[in-house]
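Scrolling down, you'll hit the structures one after another.
The two complexes that follow have subunit A in common; it is paired with subunit B in the first and with subunit C in the second.
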Partner chain A sequence: MGEGRQAPNWVLISLMLAAGAAWLTLDVVSVAPNRIVPGTPHVALGILGGVPAILLVLPMLAVTLLAWHPTRKGLWLSLASVTGVLTLLPLWLAAATAMLVDPDLPQARVGLGSAIWVLLFLLLLALIELRTRLGLSRPMGWLLLIPMLLAWWLSLVLWLEPLALQREYQARSDQFADALLTHLTLVGAAVGASLILASLLALAMRRHPGVRRMGFAALNFLQTIPSLALFGLLLAPLAWLASRFEGLASIGVSGIGWAPAFLALLGYSLLPMVRNIHVALEEVDPAVIESAHGMGMSRRQVFIQVRLPLALPVVLEGVRITTVQAIGLTAVAALIGAGGLGTFIFQGLGQAAMDMVLLGALPIIALALMADALIGFLSERLRPGGLE
Partner chain B sequence: MPVVWLSLLLLLTVGIEQMEWLFRLLEPDKRQVIYARASFFALLMQHVLVVGIASLLAVIIGVGAAIAVTRPAGRDFLPLVSQLASIGQTFPPVAVLALAVPVLGFGTLPIIVALLLYGLLPIVRNTLAGIGGIEPEMREAARAMGITPGQILRQVELPLAAPVILAGIRTSVTINIATAALGATVGASNLGDPIISGIVNGNTAYIVQGALLIGLLALTVDSAFERLVRQRQLTPAHG
Partner chain C sequence: MIELFDVTKRFGHETAVDSISLRVEKGELCALVGTSGCGKSTTLRMINRLIEHDGGEVHLDGQPVRSFDEVALRRRIGYVIQSTGLFPHWTVARNIGLVPRLLKWPKARIRQRVEELMQLLGLPVTEFADKYPRQLSGGQAQRVGVARALAADPDILLMDEPFGALDPITRKTLQHEMGEIQARLHKTIVFVTHDMDEALALADRLVVMHQGRIVQQGKPIELLHDPVNPFVESLLGGMDRGLKEAALIQVSERMLPLGPRLLASERIAYGATLSQALSVMLWHGVDRLTVVDEEDIPIGELSLRRLLGANAA
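The block that comes next holds the complex of A and B.
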């Protein structure tokens, strides 16, 4: 790799030029005196004389120039620049808010404009690209986000009270905590129950080929049914059961609420879980099992001490897929009264209150990404000879 | 199998009004037990149309993008596109649908765009995996025979990658059918409508009608893909 002789990195160049253009031309924020009146849009160049906006463009230009002859040092510098812009963005926003919002209007709110979203999206893409080019590990990539997240958190706490998203949150912070807890409980219960049930099923499948064929056919069938339809179809029989048996009704089983949500989530979770557990147990190298037997281990010992540890990473992979899927499906379950973060999405859509939709959608995406990263990392770690 | 599901679907779409007595059992006290704001046939057509347009565009753009980034000219973009496709699939479809509304407004268009964007991911990912999984020797051999790069793509790469690409399209369409139903909450009228309306009005009969039809639609399409995959396995690929 000769210094300065590399071909231009067109990915970074196009990302940065697009980001710069979007930042300078699209609406950055819209300011409204209260929740009902539509806001007045502003562009970045019109705020604080445009100087801070231009200053924020400079690192992006630097990345563009560095990408012309990419060197390793240049890539590191670019990484610092992109992280820098991402960290400065909320601070810029705080300054703009202080400038634009009339302190005499306690209801005034600032909505994020398309420029901010586009900029965030393109800069995060640039971060992924730089991480790949520099060969940094996935956990390292997550660490890179810390300064940016800290800056956002700090700004939200100290200066960004008029941000519409923040206002929506403050108006229902108790409700939000409740919804988050319900969401996590439902996901946790469904994934936990499906792990137990799927293990039993997978063990039964190993014994009986008939169970395997029937089981996979049934689970595949279930997985094909759209979530809204399955929630709906469970509603009728559960309502009927609850009206027949008082015991069921007294523990909270009814046509709507957590019961159909839990059952549907469990049903959807079973296929990926059973499939992975089955594959995990089947795919352990027969030679390893053979030698374990040769060492005088009993069947049970082989299963617990050899087969299970070797199968664990693949099983965790199933847990990862299932958890990410369940986080999304639980959002849909809000429609049948199961609660959770989806409540904000559907209430917000009903009231055409977009910031309330965001209050539901953004945490759901964050949860899905975090679950994916955490469990993925864990399964990587447990893989024999995994991370060094 | 697809024929069975399809006939059941059509039969139920046309004949649901005749089954009033059955739904009467479900909701004996309601004045109306058959969803009547729109005909089920119109709802079904709307659903199929939205999913069809979004999926068709997703296939064209997704396969096109994956081909573009595996050519020498676009290879720079390969790592980013492939990472984006796998990270994007972590996003729940509901959240993507919800985020499309603030940007694009209520109605059918935001749903088509949201379905298109989300549907791209499995197609791009699988096309990349399919083309990337071809052994280099195959390409070398083709090149040695003096075939042009365009011919290599059409006669070697795409036929060999076809099963994996098809699996991606299947995933994409299945998710789209389910997500489109949620579109009823953002103002599109399709088979999700009776379900949402049933939940709002507490009418289980509506819910069951919508749920049955969506379920049958999903099964019809999925079994059609199943059939397609099996046929491909039976007839050896030319190439």
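The block that comes next holds the complex of A and C.
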């Protein structure tokens, strides 16, 4: 490599070519007069005379060319281009919707086609690649999404009323807020309770090797039971408990509903949580612990001032994994009447209304990503010795 | 003063330390040497009770260590280990101030003491106080380790292969500085090492251990001259013992005042060792060197005969 010339960035090139091809060939939207009838698919070139669609391809081509001889300046330009496409996409969609949807049909709806999903997926991958190449921090990466999110929000509020997803949302916005709250409460309660329980368990395991063997065996076994089976297994004992003790029944414990969901989530959260806390506490450099004792710190001081702070980032990793896992699992909890965003997924599946499924699935994905980013950021901040 | 009377330590069926007796006088630097697994580190840790002894008694200034609260005992004893054991989540200044903080010294006094020690160990305060251990080189980290051990001004210092993980040049520098610090502070030091040159250079008393027992102890020069058995002899360098001894003697001890003869062309610093002087003679094929002071001014001469210990010039 002479004169600082870099080899072509094949990742970006293939991502961009694939994105361009998908955009030009796959269905972008489908338009249906109402919820029941299947929609008519449209490709991007067939809408708005095809010119705006071509215009949207140009930045992608530019990125491909720039990736041939990557330079730092080129990477920044590429970043601007990709962010630009992501931001223009909802605006293009708004224009297309205005053109395709007959204002006389109040039930008419626009479904997002495969081109949109593929494009979003590939462009976000490209964004991650660019962020890594430019050495931007994680929070910076999230800031890059702001223009795109603003454009989507603006379009949804102002112009994208006929979007099927939006229609589904508007039909049940109260229900949505309820489901979101239930979902978050269940996840929060399960993760919080498992953090407390797992801490106690991990401490007991450090004291007694017997507890450690038994504990891990039991938790491993628990983890292998399929989630739906575990919900089912809890049904009978909880129903029995509720019938025996009126107090329990009065706070809402029964064979279905939040109680079995909470217990199952707690059960699944325990293993990763206990394992991480245990490993975190055990893997603190023994030399550091020895010198702490050697300097004359008491056991309690060693634990609180040295072992715990050094273990914290790894403990938080456990919280992160557990939270992300619980957000996904809570979707299944809808099946036993615990509510949450899973309700929309299963109702949607029942009614063959894919947009309703998306109304449940998309926020779950978003929540998982947000939890992952937030806790990951926190754990990075708590790394010993501050940031690099 | 540290005394060990018939001290024994067993791990399961293995006897790690077998009935050893040892006395380290106040202000003395005692080096424990021997092959790995000979029980030298275990012996060290029984002094600050990181390991409890099974038999015999360990005394500190005439009192059994078991009579002290173990935490209070350790705060009176500085402790330095090979891997430094610095707390990675604390800054250099906070690491050094650990024991004073445990002893609840007032804040201002801790800060003052930390700065004092950083100066003593050659760590500029403005540059290093707020750094974290991972930002330090191996040598800097070990300086912080030594400063931390000295922080509460303990009478006793236990050092477990403190310079073992450093590169040869850094190790030499730190050994030299350690010698100077000890000459100023006169701590009672027990120093574990498997580097014989380090032990010979620093120790007032050398203790050779083998399989949990003390094989021989005494002044370094005594052991060099009269090793009790082939093991001690080989540990001390075998045929290289002559050079090891020469490394303990400074040129200034053997040089003669400048005579009427012409100055020899090759020079040697008066603080250099006889082994270095011999090396210079071998290299240049000469039998006479001009001895110079720090400013490179001739102050005497050293002949091969004098170097070998003969009285005449």
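Definition applied: the second predicted complex is superposed on the first by the 371 of 388 C-alpha atoms of A that agree within 3 Å, B and C clash if a C-alpha of one lies under 4 Å from a C-alpha of the other, contacts with A are read in each partner's own complex, and residues count from 1 in each chain.
Keep this in mind: a residue touches a chain if its C-beta (ideal position, glycine included) is under 8 Å from a C-beta of that chain, and two chains touch if they have at least 3 such contacts.
Just so we're clear, the structure is a prediction, and the values are computed from it rather than from any experiment.
*Asks:* Would you check which partner chain A:217 touches, where first means subunit B only, second means subunit C only, and both and neither mean what they say?
*Replies:* A:217 contacts neither subunit B nor subunit C.
*Asks:* A:291 in the overlay: touching subunit B, subunit C, both, or neither? Say first, second, both or neither.
*Replies:* In the superposition, A:291 touches subunit C alone.
*Asks:* Which touches a greater number of subunit A residues, subunit B or subunit C?
*Replies:* After superposition, B is the partner touching more of subunit A.
*Asks:* By the touch definition at the top of the document, which applies to A:336: first (subunit B), second (subunit C), both, or neither?
*Replies:* So A:336 only meets subunit B here.
*Asks:* Which partner does A:58 contact after superposing on A: first (subunit B), second (subunit C), both, neither?
*Replies:* Once the two structures are laid over each other on A, A:58 reaches no partner at all.
*Asks:* Kindly classify A:369 by the partners it touches after superposition: subunit B alone (first), subunit C alone (second), both, or neither?
*Replies:* The first partner, subunit B, only.
*Asks:* Report for A:306: first if it touches subunit B alone, second if subunit C alone, otherwise both or neither.
*Replies:* Second partner only.
*Asks:* Name the contact category of A:125: first (subunit B only), second (subunit C only), both, or neither.
*Replies:* After superposition on chain A, A:125 lies in contact with subunit B alone.
*Asks:* Does any part of subunit A touch subunit B in one structure and subunit C in the other, and if so which residues?
*Replies:* none
*Asks:* Using the touch rule from the top, collect the residues of subunit A that touch subunit B in their complex.
*Replies:* 9-11, 114, 125, 128-129, 132-133, 221, 224-233, 235-236, 239, 255-256, 324, 327-329, 331-332, 335-336, 342, 345-346, 348-350, 352, 354, 357-358, 360-362, 364-365, 368-369, 372
*Asks:* Along subunit B, where are the residues that touch subunit A in the complex?
*Replies:* 26, 76-77, 79-80, 83-84, 87, 90-95, 98-99, 101-103, 106, 174, 177-178, 181-182, 185-186, 192, 195-196, 198-199, 204, 207-208, 210-212, 214-215, 218-219, 222
*Asks:* Going by the contact rule set out above, which residues of subunit A touch subunit C in the complex?
*Replies:* 285, 287-288, 290-298, 301, 306, 309-310, 384-386
*Asks:* Hey, which residues of subunit C end up touching subunit A in the complex?
*Replies:* 48, 50, 71-77, 79, 81, 83-89, 98-99, 102, 132-135, 148, 158
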